[in-house]
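Next, two complexes with chain A in common: one pairs it with chain B, the other with chain C.
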Partner chain A sequence: MMQRLVNSKGKRNGLVGILLLLVLPLLFQDQAFILDTMILMALWGFVACSWNIVGGYGGLLSLGHAAFFGIGAYTSTILFVDYWVSPWIGMIVGALLAGLFGLFIGIVTLRLHGPFFSLCTIAVTEVLMIIAINWQEVTHGSAGIPVPYRPGFINMVFDNRVTYFYLALGLLAIVYFLSLWLNRSHFGYYLVGLRENEQAALALGINGVKVRLIAMTISSALTAVGGTFYAQYVGIVEPFHEFSFHLSAQIALMAIIGGIGTAGGPIFGAILITLLGTLLRATLGGAHGGIQALVYGLLLVIVVLFIPQGIVPWFKQVVAKRKKGVVHV
Partner chain B sequence: MDIFLQLLISGILLGGVYVLVSIGLTLVFGVMKIVNFAHGDFLMLGMFGAFFLYQLFGLNPYLSLLIVTPALFILGLIIYKTIVGRTISRPHVVQIFSFIGLSVAFQNMALVLFSADFRSINHPVSTKVIHMGPIHISFPSFIAFIVAGIITILLFIFLYYTYTGKAIRAAAQDRFAATLMGVSIQKIYALTFGIGIGILGIAGSLMVPIYSVYPTVGEQFVLIAFVVVVLGGLGSLPGAVVGGLLIGLIETMSSYFIAPSMKQLVYFCVFILILILRPNGLFGKEGAAEEALE
Partner chain C sequence: MFSVKNVVKRFGGLIAVDHVSFEIQKGGIFGIIGPNGAGKTTLFNLIMGNLALDEGEIRFHDQIISGKKTHEIAALGIGRTFQMVKPFGGLTVEQNVLMGALPKHNTFQEARKVARQIMDLLELTPYQDEIAQTLPVGLKKKLELARALATQPQLLFLDEVMGGLHPREVQDMIEVIRYLNREQNMTICMIEHVMSAVMALCDRILVLQQGRKLAEGTVEEVTRNPEVIQAYLGGEFKDVTLA
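Entry: the complex of A and B
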């Protein structure tokens, strides 16, 4: 009874939230700055959630998700600029390519755990960056590729930021519901089981290889979709950002600060980090670009040391404790 | 033939620098079973230290290592006490990302304080070249190589012939048995981390005449250090020496015979292959990679 009450309350809150999210951008239609922040929040939330599938639920701490992001961004942009293929199709091709690449990385790293897995993903991303810089006939080299500004649905270029926001929100919703499904599905349990105690999980008959590879494939493909969206929104792809270690680290740290292995944590992390970045940039100006990253580096250290479960689960625990206290009184 | 000899010597000299950069990383991993992802940023701080000592006080970089090294040693102790010490025996996510956070913080602190400019010192030593018949040897690289050799030998003597050194090795072999024998693990770990970082002070001072300094310079070198120590076997000191020299040679040879822009590609591919085929590296203890699991 109590449970149902809470659930229906939760559902109502959820509906109010969704409505709010749909109406909110219309209020800020003229304020490009706020809309831009909201779009980036949704995009990074989407990418952090995608990382979370393999890094959070699976416990494989990838520091190379920029590789998949970059594959997505480059595939759709190259197809669009050089072959006039719609980015919508490019997005799917990019996701397929990144998924295959993720599967490949998953296969070759099956024996690697912990920091060794992270190191291997870093190296793979570096290799892709070198290729992107040097394979000039295809990738246009270190200058990157500008995405031509021709607004239109088929080109996935919009003159109205609100459309970008809805698109990013749609992507975020997909990965959010996927995470919710992971929270209560067999597949999700297998993944968490492998993370918590691989030996025990394997002994119980979980097909560790299959679960790990599926998680890698899905996570990589989704991250590539984020890459395509980013390229279309920002209007340029360049190897030094798309395949950078910084991007990989940023994706992971959003998920970790928010709370890994939860559905909402990475989204909260993305919102917090993006907000922090925007606010610091607004107050300090561009001259001190380093300060925002300095702050979120320190924030990451503090979070992993003192609340390693992440802010969202920690906050829930605090609230639960307080409620319990009230009942006792 | 001359060319080959020249490449061989340049490669080995370059390898000496890489040994110096990598040896602290492998020492810390061998003893504490943690991978210091912020290793390169400590190097960056060391390089900036030597750079500013020269720029502001005109101190010869080879003398400045007498200041930079103890300073980094103390910084290592402080970072151990405040951060690293709290991550021992905790999940990977804590161990890896406390270092990633530290790395991001250090890089951006340097960016705020020193700006993103590439800086190099303008000292006659930087461009000095030793001529030996047809072979040209860069003087700063030569010094770096010699010092790398001395430091490595001193480190071996310290680890094998002093009481503290033996305690460090004992802690590396079996944390619990060492504790039972009366070794204070926390002290040994703090000391090891301090030494691992302190060596970067030496490396930084010796590298300032050779390389430019900028806030993300560490990123480039930490990747090489990872390649070196994984190739040699994470945790193995002889492995780091052989790995460093090998990577130096591979880099020099591949940039001559393939293309300068491809040298990184070659050693990253070596790195990935080693990780996949033999994660314990050439000299790593059997199961070193699995040990990191616990």
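Entry: the complex of A and C
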């Protein structure tokens, strides 16, 4: 009964939230700055949630998700610019390629855990960046590729930012529900079990290799979809951004600060970091790039030192404690 | 039902398990004892596929399981607990037990039912919402057993489940193991240092020393064996009986 009440309340809150999200961009239609921030929040929320499948639920701290992001961005853009394939199809091709690549990385790193896994993912991304810079016939080299501005549904280029927002929101919703499913599915439980204690999980009959590889594949493919969206929205792909360590770190950072291994944590982290980034850019301008990194770093240190579980789980604990306290009094 | 034949495991120059053979009969409780470093846990790790054996063969029913992967062996109906408890630290007690039940059940509902029964049996229900890593040792040991039981194994390997428990808890654990064996027809193989538990439960005992089989037989046969007494108590106590 209690659970039911909580659930129906949760559902109501969810519905209100969704309505708000759908109406909100219409209010800011003319304020490109706010709309832009909201779009980026949704996009990074989507990417951070995708990372979270491997990094959070699976406990494999990938610092190379830019690789998959970049594959998504490059695949759809190259297909669009050089072969006139619709980015919608390019997005799917990019996701497939990145999924396969993620599977490959998963196989190669099967025996690696902790920092060794992280280092390997960093190295792979660096290699991809070098390829993107040097394989000029295909990737157009270090200058990157501008996405032609020809608004239209088939081109996935829109003259109204609100459309981008809804698109990003749709992606975010998909990965959010996927995360919720992980919380209550066999697959999600196995993933968490392997994270908490691999040997014990295996002894229960859980196929660790299979679970890990599926997680890598799904997470990589989804991240690539984020890459395609980003390229279409920003209008350019660049090797120095798409395959950068900075991007990998940012994705992981959002999830870690918000709370890894939870459905909502990475979204909250993405909102916070995006907001912070936008505010810093607005107040400091582009001149003091170092200060942004400094603020990110400080935030990470504070979170890791004082609330290592991340902001969302920490907040839930505080609320739960409060409630308990009231009951006892 | 289960047999180990001439199994050898070497770690570099050290022979951890040296041509060990034994058989476990269906419905029995088989004890493995021996001083520290005798190769007992290594033997478990070989059986469960955590380590690859160098020679020999392990069979379960009529199937050769040596060479199979750990999760495949577990899926055949062989469960184990770890001497150094390995809880899913960040999860609750209920989630830990549930994890054991999930691989064999298609719905959470069924798995949860099994988990509940087992938590009731082991009196873990009052702690079901506690985070596993915050439990005291005694409860962690129980949780370790509960999680293995949740896989509903035909054959269960227990690695020192009594270690670190106080006498009352040992008594409870003996009752539980007896219940599993008699009422649920579970075949059990246990490594144990707590001799009172071994005496109370086991119908056959294997004694290992420095990787070799020193003796095998019923409790009485083994405890009267002079070599066993010597291994356990040293040469001067030849006339003492272990029981």
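The rule is short, and it goes like this: the second predicted complex is superposed on the first by the 329 of 329 C-alpha atoms of A that agree within 3 Å, B and C clash if a C-alpha of one lies under 4 Å from a C-alpha of the other, contacts with A are read in each partner's own complex, and residues count from 1 in each chain.
One rule holds for everything that comes next: a residue touches a chain if its C-beta (ideal position, glycine included) is under 8 Å from a C-beta of that chain, and two chains touch if they have at least 3 such contacts.
Not measured: the values here are computed from a predicted model.
Asks: For the overlaid complexes, name the partner, chain B or chain C, with more touching residues on chain A.
Replies: After superposing on chain A, more of chain A is contacted by B.
Asks: Between chain B (first) and chain C (second), which does A:I34 come into contact with in this model arrangement: first, second, both, or neither?
Replies: After superposition on chain A, A:I34 lies in contact with neither partner.
Asks: Which holds for A:I122: it touches chain B only (first), chain C only (second), both, or neither?
Replies: In the superposition, A:I122 touches chain B alone.
Asks: If we overlay the two complexes on their shared chain A, which of chain B and chain C does A:L96 touch? Say first, second, both or neither.
Replies: Neither chain B nor chain C is touched by A:L96.
Asks: Which partner does A:E196 contact after superposing on A: first (chain B), second (chain C), both, neither?
Replies: second
Asks: For A:L276, select first, second, both or neither according to whether it touches chain B, chain C, the two together, or no partner.
Replies: After superposing on A, A:L276 lies clear of both chain B and chain C.
Asks: In the superposed arrangement, which partner chain does A:G205 touch: chain B (first), chain C (second), both, or neither?
Replies: second
Asks: For chain A, which residues lie in the overlap of the chain B contacts and the chain C contacts?
Replies: In chain A, nothing is touched by chain B and also by chain C.
Asks: Note which residues of chain A are touching chain C in the complex, please.
Replies: Against chain C, the touching part of chain A is residues 184, 186, 189-190, 192-193, 196-197, 199-208.
Asks: Can you tell me which positions in chain A touch chain B when the two form their complex?
Replies: Residues 59, 61, 63, 108-109, 111-116, 118-120, 122-124, 126-127, 130-131, 133-134, 245-246, 249, 252-253, 256, 260, 288-294, 296-301, 304-305, 308.
Asks: What does chain B use to touch chain A in their complex?
Replies: Listed in rising order, the residues of chain B that touch chain A are 34-35, 37, 83, 86-87, 90-98, 100-112, 215, 219, 223, 226-227, 230, 261-262, 264-265, 268-269, 271-272, 275-276, 279, 289-290, 292-293.
Asks: Show which residues of chain C lie in contact with chain A when the two form their complex.
Replies: My answer: residues 48, 50, 69-71, 74-75, 79-80, 82, 86-91, 95, 98-100, 102-104, 108, 147-148, 150-151.
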